[in-house]
Each structure stands twice: as structure tokens, then as C-alpha cells.
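What follows is chain A paired twice: with chain B in the first complex and chain C in the second.
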Partner chain A sequence: MATIDGSNDSTESEGGPLARWTKSVIEDQEKRDRLYRALFIVAAGFFLVTTLFPFYWLLVLALTPTSQILTGDWSLPIIGVEFPHPQGFNVYAFVEMFEQVPFHLFMFNSFVLAISTTVIVLAVATLAGYVFGRLEFPGRGVLMLVVLMISYFPPAAFLVPLFDAFLGNAVVIPFLGIELFESPRLVNTPASMVLPFSALFLPLAIFILTTFYAQIPDGLEDAARVEGTTRLGALVRVIMPLSAPGLATAAVLTFITVYNEYFFSSIMALENSPENWSPLLGGILSYQTQYTTEFNLMAAASIVGVLPIVIIVIVAQERIVSGLTAGGLKE
Partner chain B sequence: MANLTLEHVTKRYEDVTAVDDMNLDIDDGEFICLVGPSGCGKSTTMETIAGLTKPTEGTITIGDRDVTSLPPKDRGVAMVFQNIALFPHMDVYENISFGLRLRDYDQEEIDRRVEHATDVVQLEGMLDRMPEEMSGGQRQRVAIARAIVREPDVFLMDEPLANLDAKLRVHMRTELQRLHKELDTTIIYVTHDQAEAMTMSDRIAVIDGGELQQIDPPLVCYNEPANLFVAGFIGSPSMNLLRGKLTANGVETDDFSLDIDVDGVPGASAGDDVTVGIRPEDVYPTDTQGAISTPSDPIEVTTDVLEPMGDQIFVYLTFDETSSQTMTGDATGSDQLLMSVDPDRDIAEDEQMEVVFDRTKVHLFDNASGDALVHGVEDLTSSGFETRVPESHSGEGDE
Partner chain C sequence: MSTEAESVGREHESKWPGPVVSLSRWLENLGETAFAYLLLTPVFVLLGAIAFYPLLRTLELSLFTGVLGSGEPTFVGLQNYVDLFTGAANPSLPGSVTFLPDVTTSGGFPFVHLEGWVRSTLIVTLLFTLVSVSFETIIGFGQALILDKDFRGRRWVRAAIIIPWAIPLVIQGMIFYLMFHPSTGFLTSYLAPLGLVAETNTLNDPASTFLIITVADIWKTSAFMALLILAGLQSIDRNLYDVAKVAGASPWQQFKLITFPLVLPTLIIAVLFRTINAMRIYGLIDTVSSCTTVPSLSCMVVETFYSSRGLSSAIAFVTAGIVGMIASVVIYQRYKEGF
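So, the complex of A and B:
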């Protein structure tokens, strides 16, 4: 910094190249536009590279045979600089991954878990959001705070007691030893994952929907009710369609997080097998055995696993954006 | 179509009573305006009729059905809202047919009714427009059409014209009157604009502080206001209200006296504090007093501010012998007098003149209760008086 400042000082006093350039940028509109464009390209380029490079690397790993990954020469031809690039073109990895592990079943599990969690979260959060956003009752603020507080806890805090309960052990009050109830044995079933996921994602969804529902003018709900709906009907027919962007946001966030979830499901599914409702990530990890790790298959599986999310995000984003611009909640 | 009855309807919130013991009996096909200042409880009354809020006490009957605890959808009412409240995600057709589709009418019937409703409000050819593409007036028509298609027993309109510009408002006013004639349905119309209430309704229900002040045809409210509030609220500009005292000879105010036989004023005696009410158009300069047969004694005044309106001139008058003690800014008493005169009249500011009141149009109000004592004091100087004593049914709650 010191040197730059120093050189800057000296050039400025002498009208050096930096000072002259700065001055010309300030005065010349065209030069300024060019600078902004250059800065934009640099910033956007940096962002794109850091975001997309992992995917490129995955693709490189998937196309490179396992033996080459560990022993191969990563230097680029001619230049000689080491840079990840495909060593060969082994598309067969994308077939082999399904032959070695029933990866489609793991994906199916993840889909089922994500969809059922999303449905539960949206259904409950919609009702809760309506209550918090549109009804006045004493203790509303406190209740909302309590709901939000759940999301402040790290999920791991709930893991041990939940695991204990879901194993089928009786739930006992600590120190007193009083038995409250005996949970059914839920491990290795979707319930053991969907229940905690729903509980963990509800606060955020409730918060999002509360703010959206609160913005819908009372007159619209009143109009719907006079026209012939119940409160619930007004919620479904008027308030929810008008809050579509909020619903989409809550749904997408929940779906993606559950689809990518591993922490709870790796523990609630006692083994990494599709029958135990192990999710996508469990599937990817099952290419790793005690003696071998099939990096290329893991990479291929990662790419296949991520595709649905990419599609959903692209579709949902269009939806969200169109929902926002079509808006017009003006009365 | 049905009549509507409110019996002892009261709505209390935690700390305020929005509607206090409201009794209304509205006939089939009547156009009733609920009118009053902001926060007087007229909208809450409307909401209890619509079923959007439940009254704390009292019963509401539509036709022969007690609807007090029915949800809005089962009451047979349709409502037009102040903020229009069209569903922004539905086009005009979907908006209008919303209620019918909910009730599972068959498509043919829906189309027939929508067509008829759009015909009535002149919205043909706009069925596929979205609300955001329409002007304020068009949206208001859609909202009215949405109410019409349901063929409700009672129409509720909550300041439907409040958000429209002045010109459109006057136009829609006549449209609504035409609509009422065409449909012949009971209409309850809430407004804070007394001019709207005067021009449109069969009867006006004046509400203040959650209580019904008077329910009568517009001209009765205008000519025989039940109490000080109605006198001040109905009519624009409002009635002159001048504080005074009943004496053995009549009414004495600080500025003038009126010769009245006190015995002819029912429910009042000498010594009572009263307010004299006189409308601006019933104050005449002495040179035009030939137009009336029962002028009061002349009162000396000085013109203050002139407001030429085109069709008439409003003249603010101050009394000549204004004593300083009356200069308290009291809401019901003022030492200013407003007079309306012919627009051709040559009149200047700070001009000394004499005015007379039309004695048939002088109102007396009891200051303690605010209730009207007598409308017109023309016969009260002689022994054989025959005055219009306000009927006691006119809505005061404290009798």
C-alpha cells in the first residue's frame, strides 16, 4: 500500500501516467463505461470460475479412469503445466455407476424424503403462516419467537435424543426416571428422517410465509369470504396464489436442503443401503469400500445426483422471477 | 331480496365499543346509507352484517333467517369494498364468476349471469382483462358485477366510491342509483360523505360514536335533525349552531335574541342552555326578507369572508357586538354566522348589514343532551302554537 500510495503521490504531483489515466476515466464517459465493463467481467468471471470449477473437476474425474486418477500425469500437453483435465474419455463410468450400486434407488429415496418433507412443511407452515401473519391474538409475538428459536439450535443437538427414541427406546425424563412413552422403532424408515427434517425446516418456512401472507390486503380475504369461501378456502384460493413466490422460495429451500441432507439420514439409516432409506449421499459413499475407492464413479454419481436440483432451480427461478414481476398486489 | 333487521347489535373490542346497541329495521328493496365521521362504527356495523366480524351482542336477521352466527358465505349478502378488492391473479371473468364457481353452478348458468352482470355495469368485451390493466372506474364496475351475479338478498357497499376521482365518483353515483332501480335489491351503503348519502338513499342512518343518531329520509334528516350531531353533520356547509340560554322572553345568545314563548318548547324551561340552529340558506339580508313570511327580528352583523361558489355566495358574518367571552372555540357554538346569498348580489367584505332568520327554519337543541327541542319557531310567539316537535323514535339512545 505504502508503495502504491507513494507512487501515486509522486505521479500525481508530476501528472504521471496513473493520475492522467484516473483523470481521463473520470472525464471520459466512454472510457468509464469500458472500465465498468472490464470490472464487471472480472468480478463475474471470478464468481463463475469459483462456482463452476468444482463441476468441471467432477466431470474431469468422471471421465478419467480410476487408475489414471491416482497415477496419471496431470500436466497439460505441450504447455506442461499441471491442470486438471480429462485423461481419456470414459463415458462408460455413467453406466458403470448404476451397475455397481443401485444408485437410482438411492436417488429415489432422496426424492421421496425431500418431497414428503416439502409437502409436510408447506402444509403446516401455510396454516401457521396464516395464523401468525393474518390473525391478531395475545401472545402472537412470543409464540413466533419460540418457533424461530428452534431454528437457532444446531440440528446435532437433537440427534442423540431423537436417535435414542427412534430406536424404539422409552422416552424417560432425565434424573427422575419417569417413563413418558415408548416411541415406535423408526430407524431405517423414512419417518425417522422426514420428522426431524420437517421440524427443523418449519421455522424458516413459517417465517417466510408469515411475511408473505401478512402483505395480502385484508380486503381480498374478506371479499373471498363474502363471495363464498371459508377462511381456509380464502387461504387456498386467494392468499396462496398471490403468495406464490414465497411458497416457491420455501418449497425450493426445503427440497434442496433435504435432498442434499446426509447428517441425519446417515445415522437414522443404520446401513448404507437403499432398503434402509439411505439417501443420495449414502449412495455416493457406497462406491467406497474398505480397499477401493472408485473416484470416477463417485464423481459420475455426483453429477447425476445434482442434475435434478439444477433443473428444479432453473424452473423455479423462472417461476419466482415471473411471480415477482407479475405481482401487482396494488389495490 | 329481503328485509334486514339489526337488534341491539353491539361490538366491543378490548378497550373500545365500536358499535353500541344498534337497532335498524331495513325494508326489502330499500337503499340505506350508513353515514358518519371516520371511526364512528359504520364500517364495523357493515362488517357485522356481512359476517366478517361477530357482534358481541345482538341479533341480525336477513329475511326470516337469524344469520348472527352464520359465516359470510351463507348469509346471502354480496359486498363491494372500498379498496375494490378484485383478485389480482384472476381476469375479469374469473373475478365475476368466483362466487358462482364456488357454489358449483353449471357453466351455462354462470355464463348467462356473468353476461347479464357485465351488461348491467357496461363492461362488455373486457372479460379477459386482468384487473391491473383496467382503470379505477372499470375495476369498480367489475367489483359491482361480482356482487350482482350472486343475486344476493342484500348488497353491502363499503365506501365503494371513496377511491375514485371526483368526476368519476359523481358519475358512478348515478350509475349506482340506476342499478338500484334496475335490481330493486336492498342496498346498505356506507359512506362518510353526507352528499353521497343525501343524493342516493331512501333513508339515511346517521351514526356517531357507535350509536345510531337518526334514521330518516334524507330531507327529514336535513330539515328535522334529531340532535346537534345530525344537524352539524348533514348539510354542506353545515348548519350554524349558536349557543344561548332560554329566558322567559325567548332565546338569548351573546349576540342576538329570538322572541319565543318558552312554554311552547316541550321538555325545556327558562334557564336551560340551548343551541340555536339555522342553515346558511335560511339567513336572509333584511332587504330580501320579503321572500319569507316569518322573519325574525333583524340582527346586526358585519361581513367577513366571502366564498363565491358560482351558484351562490357563502358569506361569513360576525356579530357586531361580539363580546370577548364568546371567543372560545367551542365545537357546538360559534360567534360566526354563515349565510348564503344570491350570486348576483352586490356584497363586499367588511360591510355592515342586517340579517333575519326564517323562523320556520330555526332549530332549538338542548345543550345538555344535544337532542332537538323544536324545529321551526314561527308559531311560538302566539298562544296557539303548532310546531314540529321531534318524534321520540328518532334514534336517541338515552330515552
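So, the complex of A and C:
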């Protein structure tokens, strides 16, 4: 918006309504505020529609009976605009999806994996966060860099040896050829997923907890120490309770990341069946591979799978925001 | 004095069995450095087993031939890498070279002449990263500017913007699969006349699928950028805006002269961070289409790790190397800022 150009234009061409409006916007403070307000509402509305429309589309598909989907004419005009909307109201799809695929078992697996990973990550990251956030020792910076580096590597970089080991083959020291031990066969068990998840999602939790633990004043810890508490006792009884928001943040983010994970979830469970500890992902993909034309079930399953996440986001959005900014930027 | 303190300590902890008491006393007497390293042991045992060991072992395996878990691997040196970059490995890789087939075939790459699959997977991965991160930055900035304002219902708008970021990859993939599937997708009929996607067989057409996957990623991850940028916006001193208003600066000038320069450092870190993450693209491709249609680097690792382990490891290590280069830029940035 070049103000000077605009005013020159409008003085030269008094007549046009657009020019008159431009002129009034430039001169009239109130009108200008109204314009910015309108732009703001349009932009906010645009983002709301684009982020939420795909979910609406899932609902449309889930409620429309299969026969209607396959004849597929989505563009029924509403108020002159073509807009997809449900054709029929087939709530039964949400029952049928559980009959076709034991989706609840897949969901159960996802929850077990997510909760156990979260517990391990919190336990290990608390110790590390305490060390990085509150202790001064040689090598601190280097060790933090190493942890940070790990979080950058793609999971594909770890896959081949991990899969090899989890199949029950020997773990060999690289380049020396010395066999250390034979790993138990871990594929198709929760451990084959919880272990990689714990290691790869650990760095984020460490950085969140480091930030939060570092903010607790030294005086509070010292007071507890004077009372005769050990260092670990002070961590558990003073620092952790005071950093409860930080712990909640790390927990929520770890849970969401595990629940959403694709790479190891799709590989470490050799088949998409709940007995093989295949999580949510296996359930959703079962519809895609076995019931190739039951699109309403795919949509219904996606809605059910997304519900826990929607609830978490609505309840814990403050934690998510603070966690992403603390862990992502590490300010 | 010290004996008194000790006896008090013993009394206090008397509900614990003897070994625990002596263990906790041993812990207390450790110096700060030893204590720090002791507490870090679990972290580095876990990272060592699940990250460092596989990384090194991947490098080792990439120097051998062999099928996963069986057969006597033979040492071939850098042959796997050479095969990858000269195109000799193409027959071992699934599918065919379909993506952007002839654009850069004859053009010599500065250092190596890229052929076949690796060329197309590299191009796919880098192009995807470039396009998606650019759009995510722009859209994320827009979203952040909106969330930075105070208005009624801000909480709900923010939740709505975050939700796509938080949903499982497989469901994100399923949404876009359903949107463009020939039987269900209503979007194909709108976009095909514009020439954006192929009219038939949309999800098997490399260029269309590439576009769909990029849009899907932008839809999901812009919120992440928005939140990081928002953090930068909210750390800006509000007084600056008051001064600017008094001086008569228009909102655009305020943005150009205050907001943007001050949020730039955050923006750079966020962009680099997203770049590293975008290079991992795999799950979305696997759900929406298949790795043979749009081959990314991670895709190729997964597609080959059963049949040719050495080759798979080589691709994995190349991926790690590229990510490592970008990561070292990030780390240097943080090091400069006084890590």
C-alpha cells in the first residue's frame, strides 16, 4: 500500500468509486481501521475453513452410505454454490467399522505404546533435564549438542541395524566385527516400537524439561537441601512439583508424537493385526487394503482415530504451544 | 557436627533398608561432575543403543552386500554408493524412473553425475522440502499474525489451527487419499480442468501425487511454523509499536520495520528445523499413494531394506548425510548465539 501514490491518484481522478474509496481509506483513520478489521476477519476465516474443511469432508463421507458414494455426485448446489454435503445419514458406519476390523484393539495398542513411551521418556528426561538445567560441569555444552543432533536424524537412518537386531540377530560392534550378544526377537512386540520411540523423542522432552527446571530458583532447592534432603530428593519433592506444567508439556507432546508416529509403527509390526501390536496406523490401513471400496468405513475410522487427539488439543493447547516453542526454539 | 548430621540423616531415612541408605549416601558424596554424568547414563545408554549404534552400523553395512539377516556379506567398499549415483543400482530399486524423467538428465551435477533413481529421489525429496517449507513459512506467518492479536474466540481459532498438526500421519494421508480417490474424490473434478492434477488415475500419476502430498504437508505443518513464529512475535516489546503509532507509522510500516526484522532470527531457526523434518517424508507418501509413484529418500530405504541391505544402508546414510549438513548449520547458528 503505497500511500503517496494512492493519494496522488485519487486527487487526479475524483470520479471513480474505487478511487474515492481509496482516498477515504487513506484519509479517514476510522475507515482504515475498519478495513484492517475486515481483512483480519477474512484471513482468520480463510484459515479456519482450510484447516477444518478436510475433517468436514471425512464426516460427509462417513455419513454417506457406500452405494451413494460409488455413484458419487458430490456437487449438489447449496445457495447457488456447489458444496459437498452428506447424502443420507448413515450413523451405522461407526458401528460397522468395529465389526469389520477390531479397531478398538488397534487403538488400545496405540494407547499402550504411547503411555509406556511417555513414562520412559519422562523418567529419563527428568534426570537429564535436571543435569542440563541445574548443574554446571565440564562437557555440558557438547553433550547437549549430541542430544540435539540425534533429534535431527531421520528415522530411516536407524532402521536397517535396528530391524536386524530386533529380528533376533546378533548385535555386532561396528567395524570391529565383535559379536556382543544376540538380541531377543522383538518384532511384533511393544518393545520394538517403544525403544526407538523413547530414544528418538527423548531429545524434545529433555529440552523442554531443561528449560523448565532451569527456571526454578536455586534458593528453593538449597532450602530443601538444608532440611536434609538428598539431591535426588530435592529433585523429586521440590523441583518436579514446581515444574508440573513442564512435565505435563513434555508428557502431552510425547504422547501425541507416539500416537502419530508412522515410520517404526508401520515396519516393526510385521502385519497389520492387533496381535502383532500394530497400532492405530495398522487399523486404518486395514480398511484401505482389505475393504477397498468401503470408503465410509475408512472415513469413520479416521474420525474415531482423530478424536483422542482433538480432545487433547482442546484441553491442553497451552501446554502444546509452550512445549513446541520451548523445545523447538530452545530460547 | 558431621556425626550429628549423619545420625539425624539416618534417623530420617530409617524406614529405608540399609543398602538404600548407603547408596543414597554414596550418591550424596559424589562430586557435581560425577553426579551429573551418573544421571546422564540412562540417556546415553538409550541413545547409544537406539541411535549411535545403528548410525555407525548403517555406515558399516553400506560397505557390504547382502540380504537382511542371512547370507555371508562380502565387503564391496564404496560400490553401493557408486552404483546409486551412476544408476547401476536402478534394477535393484522398485518401480521405474517416472518422476520428472528428462529435465536434468544431461545436465552435469557439480560433483557427481546423477542418474536414475537416486536422481529422481533426490529431486523429489529436495523439491518437496523446498516447496512445502516455503509455503508453510508464508502461511504459518499469516496464521501467527492472526493468533498474535487479542480477539474473542482466539483460543478456539488457535485450537482449530493446531489440530491438523496434531493428527496422526496415517489419518492425514487417509483424508487426502479419500479426497482424490477416483471413486470418492470430489476435488479431482474441480482441479483436473485447471491442469493441476491428472483427470484419471490421479493417485498413480507422479506429478499429481507430488502436488497432493505437498499440499497435504502444508495443510498439516503450517500450524507448527505458526506456533514457532508466534513465540517470536510475542517476545517483541509492545512499546515499540506504541512509539511507531505515535510517529504515525502505518500497520504495513510497523510490520516491515519492527515485526519482520525482530522475528527474523526465530524464523530462520524455524525454517531450518522444518527443513530437516520435511526431508523425512515417508508416511504420507505411503498412505496417499506408494513409494514407487513418488520416491523419497526415506521411501527408498524402506523399499529396499529387505532385499538389498547394503544398498538400503547406503541410501540411509546418504539421507543422514544430507540432513547432517543442514543440521550442522542449525547447530552452528545456536552455537553462535551462545548455546
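The criterion applied here is as follows: the second predicted complex is superposed on the first by the 268 of 331 C-alpha atoms of A that agree within 3 Å, B and C clash if a C-alpha of one lies under 4 Å from a C-alpha of the other, contacts with A are read in each partner's own complex, and residues count from 1 in each chain.
The rule is short, and it goes like this: contacts are C-beta pairs under 8 Å (C-beta built on N, C-alpha and C of every residue); 3 or more make two chains touch, one makes a residue touch a chain.
Quick caveat: nothing in here was measured; it's all calculated off a predicted structure.
Chemist: Identify which of chain B and chain C touches the larger number of residues of chain A.
Modeler: C
Chemist: Contacts for A:W277 in the overlay, against chain B (first) and chain C (second): which applies, first, second, both or neither?
Modeler: neither
Chemist: Given the touch rule stated above, what does A:I309 touch, chain B (first), chain C (second), both, or neither?
Modeler: Only chain C is touched by A:I309; chain B is not.
Chemist: Is A:F163 touching the first partner chain B, the second partner chain C, both, or neither of them?
Modeler: Only chain C; A:F163 stays clear of chain B.
Chemist: Once the structures are superposed on A, label A:L202 by its partner contacts, choosing first (chain B), second (chain C), both or neither.
Modeler: In the superposed model, A:L202 contacts chain C only, not chain B.
Chemist: Mind working out whether A:P174 is in touch with chain B, chain C, both or neither, as first, second, both or neither?
Modeler: Touch status of A:P174: second partner only.
Chemist: Once chain A of both complexes is superposed, is A:T230 in touch with chain B (first), chain C (second), both, or neither?
Modeler: both
Chemist: Does chain B (first) or chain C (second) touch A:F103, or do both, or does neither?
Modeler: In the superposed model, A:F103 contacts neither chain B nor chain C.
Chemist: Do any residues of chain A touch both chain B and chain C, and if so, which are they?
Modeler: 228, 230, 328-331
Chemist: Which positions of chain A touch chain C when the two form their complex?
Modeler: Going through chain A, the ones touching chain C are 1, 3, 36, 40, 43-44, 47-48, 50-52, 54-55, 57-58, 61, 69-70, 72, 74-75, 84, 123-125, 127-128, 130-131, 135-138, 140-141, 143-150, 152-164, 167, 169, 171-172, 174-175, 195-196, 198-200, 202, 206, 228, 230-232, 256, 259-263, 266-267, 280-281, 284-285, 288, 293, 295, 298-299, 302, 305-306, 309-310, 312-314, 317, 320-321, 324-325, 328-331.
Chemist: Would you mind writing out the residues of chain C in touch with chain A in their complex?
Modeler: So the residues of chain C in touch with chain A come to 5, 8-9, 12, 24, 27-28, 32-33, 35-37, 39-40, 42-43, 46-47, 49-51, 53-61, 68-69, 139, 142-143, 146, 149, 155, 157-164, 166-171, 174-179, 181, 183-184, 186, 189, 219, 223-224, 227-228, 230-232, 235, 250-252, 266, 269-270, 273, 276, 279-280, 282-283, 286-287, 297-298, 301-302, 305, 309, 312-313, 315-317, 319-320, 323-324, 326-327, 330-331, 334-335, 339.
Chemist: For the complex, which residues does chain A have touching chain B?
Modeler: Those residues of chain A that touch chain B are 217, 219-220, 222-230, 233, 238, 241-242, 328-331.
Chemist: Residues of chain B touching chain A in their complex?
Modeler: 50-52, 71-73, 77-79, 81-89, 98-99, 102-103, 130-132, 146, 150, 156
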